[in-house]
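Here chain A shows up in two complexes: once beside chain B, once beside chain C.
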Partner chain A sequence: MASLMKWLGEPASETQITHGGRLWLYLLAGLVMAFLLAPTIIVIPMSFSDSQYLEFPPRVWSLRWYDHYLGSPEWMQATFTSLKAGIFTMLVATPVGVMAAYGLFVSRMRIASLIFLILVMPIMVPVILVAIGVFYVYVQVSLVNSLLGLVLAHSILAIPLVVVVVSSALKSYDMNQEMAARSLGASRFRAFMVITLPQIRFSVITAALLSFLTSFDEVIVAMFVSGGENSTLTRNMFNALRDQIDPTIASISTIMIIVSTSLLVLAQVFGKSGDEP
Partner chain B sequence: MSDLVLRSAGSLATQPNQTELKQDALRERFALFGLCSPALLLVLIIMVLPVGWLFWLSFLGEDGNFTLENYQRMVESKSYARIFRNTFEVSLLTTGICILIGYPLAYFLSQLPRRAANLCMITVLLPFWTSLLVRTYAWLVLLQRRGLINEWGMDIGLWDEPIKLVHNLTGTLIGMVHIMLPFLILPVYGSMKAIDRDYMKAAANLGASPAQAFWRVFFPLSLPGLFAGALIVFVLCLGFFVTPAVLGGGKVIMVSMRIATNIELFFNWGAASALGVVLLVLTLVILGIASRVLRFDQLLGGGHGS
Partner chain C sequence: MSETTLTGGALPITIRDATKSYGAVFALDNVDLDVRSGEFMTLLGPSGSGKTTLLMVLAGFTRPDYGSVKFGEREIVRTPPHKRDVGMVFQNYALFPHMSVAANVAFPLKLRGVSKQEMVERTEQALETVQLAGYGERRIDQLSGGQRQRVALARAIVFEPRILLMDEPLSALDKKLREQMQIELRRLHDKLGMTTVYVTHDQREALTMSDRIAVINHGRVMQLGTPEEIYERPANRFVADFIGESTFLPVTVQQGVARFGDQSLKVAQMPEAGEDLLLMLRPERLQLITNDSEAADGEANRFEARVREMVYQGDSFLMYTVLENGTEISLRGMTRRDTVSTLPAIGDVIQLALHRDDTVLISAEEP
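After this line comes the complex of A and B, so read on.
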């Protein structure tokens, strides 16, 4: 108690304010952090409840909703589609985005900033507009409900993220290293692969993980252009949510939370030892 | 004299070489520039072309002739006016609440020692990386009639009967603020970290009270980040779909939801496109005005979209 009182009287920053004087700030910050974290954390134990009404804490624990999810061919197929779409989107958007970021950075053309603006456009345009526009075009070329169509649409949503993340890494990279490699006889491509890429690899990995998540979590475009056996997980979840609260979704949510948390951990682990200061 | 001759002879000898080198460099820059073309092509074909097509459709009537009726309807119809007002209200409220609770948290984080700040930052990053649909679902479960919030509220005695927290504006705002907060906190935190702490020391040294030092030194310096964050939140809110659709229960209708129903239920491409064009133009105008004040990479400092 005495040490608490002492701490309250201690100066808290460069001004003369004490910890006691900004106790309200600590309280407010704590509440906001709880607000941010709580909903996702609470869903996890709830998904193990036996009740239809998702109690917290569950009175009877059970794996009922996981059984329901794993035993349902529709949910399984949707999960598989989402995984495929995510992986293919990552495989398309990452190399294409890295190439674009590199090209824009080294060519130093005057229209580079205009091209950059066009490339990041997809994250500024409301997604619903991209969704119905793509839907309209896909109907004409019969790409609706196809995996290819879904991957292409998700790729343009992911490319801006790759370009932004990799461009910012290149900005702090010393291009003279590549010049040195080339003056020693390496081709431009070889110099990039051997010298530059290893040094920006952490941003490239972050960008790749973000691309995967962009596709895996995407709802609106998937709602319009995916369907039938290529329905995504999020599309089915969204449709189920509009009707009623299906407890199965709690178990799927828990799995999705685990997926995105592990990706975040991966990005943090790689990012920390990495190129960005 | 001889000096001059020598110099001009030298320049004569190097000139052809120089132009060739210049051309070579230019050719290489073009080749490198070509690296952008796959990305550019994808974005042009999959996004710019379809959106351009929608633009064209918005000027076509049901008989396929050029008409302005889709826009006329928007001006005349009361229901469209209400949707736009609704969208702006919800976006402004969400942005306002985000500023009110996000700014203090960003300030708190910026004052912490590095290790503690990184730890607390997880509470911001974890929701940021978690699926928007999952978070919306979590709120639906928490806020429903027999949900956790209602039960706790009644247990503590805050209210006696279950109150309606979801399928209305309250639920929509709670969900949207939760989703948008990281987009505000990250740029604000970034701009706060960039403020030299010696300024605050100097202010205190010159006799400023903590409040004065904050409002007259720290706050103005953090404004660019706050402005960028608020702008991202507002623009993302304008086009928001999933959260209001699930938590609004049909009582909160945003422009993007009306666009979707126009297509899904009425197959009315003209009306949907016209709404989309207006939404797009609004978004771009706001971003355009902002880009005159802010640098674009500052705006994009955030991350993964809605």
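After this line comes the complex of A and C, so read on.
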């Protein structure tokens, strides 16, 4: 208690404001974080309930809904589809996005900024519009309910993220290094691979993780263009919620929260360790 | 262990009609330039003059709209940078921060498929040449600016290029280190003997290091010559203005005699053409006449001026004076033990002398 009082009296920053004086700010920040996190966190205890219905707090604890999830072929297939879609989206969006970001960065054409805008457009318009548009096109070319179609549609949403993340990394990168490498005898491609890419690798990894998550967490586009044996986990969860309130959803959500947050933490860690030379 | 030397021999560079325009602006305007084999050539000019564009044309990063560039007998305008075999040192060094010093220097050798053992040896030799022996394992961010400069240099010479290009390599260093590196770079050039093209906007640097200087402005070579030729006999007003400090006085020519106002001038040599001439006055070439014996020298032009301002600069002083017709001219002198105390006071009328050989007339027309 005494150490707490001491801490309250200590300066919090160079401006000599004490932690005590900042207390209201800490409380406000805590409330905002609680507000942001609570809806996500609340599902976790619910997933360990023995009840037939979603309830909070659970009266009896059990793992039966995890059992149910892991034992259900439909859920497993959906999970597998989601993982496949995520990985393929990552494999498509990352190289395409990196190439686009690089091309736009080195281009001296005036049209480059316009192309940048077009590339990031998919994350600026409502996803539902993208979904409807993609669905309409897919009906014409018979890609509805195919994994390929799903991956392409998710790549549309993931490429802007890759472009934005990698572009910002390139902004602090000194392109003279690549010129130096070329003057020393490296082809342009080799100079990029050996000199530039290693220095922006953390941003590229972050972008790759984000593209995986973009696909893995996505539901709206998946509602339109995935189905049958290629239904994604999120799509099936949405349907399950509509039909009956089943705590299996809570257990799946919990697993997805763990997967997503660990990937985001990874992305943060890679981002933090930084591409700065 | 011998140090890095050039085995292939240096190459001359021949530039003909090199032209590069960006919209309506000519970065290079029909440039013809010959760099002799083994020469230290400096491209000197203000920013935006086209000197860096010309260097980039030599390096292969800028393709001229038309014109020809030859290294020796080989036409290289269409050759990509990595096949030109030129060493290049960049303004900000452009070292690879994710590699050690040794890996940076070995990079061009690795690309050329040099064997591991030879790579290690030649890397160490190159580091020795730039006085960084034993620094191989360091990280780039552990080096000072001067050391980075040396690593960049070692990396550019380790594969024994026959042509070395440098783009303002010393501009990021402080003055003292810069002056020291100028001498060092020049010695290195003399030792290795490759053809060197050096870009700078610093006229003193150019005068210090070069065999010849090409003064460049508006994408054209304004004058090509040795440092002495450039400084003593500038071809036009731009060169006279850009190199050194100068004041220009309007001069008229009557019956082959140059006149400033009603005073006829003794000149080193009359320019061939042009009615509109300027007298170039360098502050350090004007002499303050303090007693009559000096004034008797018949080989000097004399000017009467009034002292307006004095600036003490340590090793020298700068005196701002005004001529009778209102023109301001300045005079620089070395400060010795007794000069400062005997200098005239502000407001005094003084006599200035300019020797015939220092009386240089240039055309007033813009080239």
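Assume the second predicted complex is superposed on the first by the 242 of 277 C-alpha atoms of A that agree within 3 Å, B and C clash if a C-alpha of one lies under 4 Å from a C-alpha of the other, contacts with A are read in each partner's own complex, and residues count from 1 in each chain.
Throughout what follows, a contact is a pair of C-beta atoms (placed from the backbone, for glycine too) under 8 Å apart; a residue touches a chain by one contact, two chains touch by 3 or more.
Keep in mind it's a predicted model, so treat the numbers as computed, not measured.
Superposition of the two complexes onto chain A shows a clash between chain B and chain C.
Look at A:107: by the touch rule set out above, it reaches chain B but stays clear of chain C. By the touch criterion defined above, A:61 reaches neither chain B nor chain C.
In the superposition on chain A, A:264 contacts chain B only, with no contact to chain C. In the superposed pair of complexes, A:199 makes contact with chain C only, with no contact to chain B.
Between chain B and chain C, B contacts the larger number of chain A residues.
With both structures placed on the common chain, the touch criterion links A:7 to neither chain B nor chain C. Of the stretches 58-66, 184-192 or 238-246 listed for chain C, only 58-66 runs into chain B once the two complexes are overlaid on chain A. Within chain A, no residue touches chain B in one complex and chain C in the other.
Chain contact summary for the complex, chain A toward chain C: residues 174, 176-177, 179-188, 190-191, 195, 198-199, 277. Of all residues in chain C, only 59-61, 80-82, 84-88, 90-92, 94-98, 107-108, 111-112, 140-141, 152, 155-156, 159, 165 touch chain A in the complex they form.
Interface residues of chain A facing chain B in the complex, by the touch rule stated above, are 12-17, 21, 25-26, 28-29, 32-33, 35-37, 39-40, 42-43, 46, 53-54, 56, 96-97, 99-100, 102-104, 106-109, 112, 115-130, 132-137, 152-153, 155-157, 159-161, 163-164, 167-168, 210, 213-214, 216-217, 219-220, 223-224, 234, 237-238, 241-242, 245, 249-250, 253, 256-257, 260-261, 263-264. Residues 29-30, 32-36, 38-40, 42-44, 46-51, 53-54, 57, 101-102, 104-105, 107-109, 111, 120, 123-127, 129-142, 144, 146, 148, 178, 181-182, 197-198, 200-201, 203-204, 208-210, 213-214, 235, 238-239, 241-242, 245-246, 256, 259-260, 263, 269, 272-273, 276, 279-280, 283-284, 287, 296-297, 300, 303-306 of chain B are the ones that touch chain A when the two sit in their complex.
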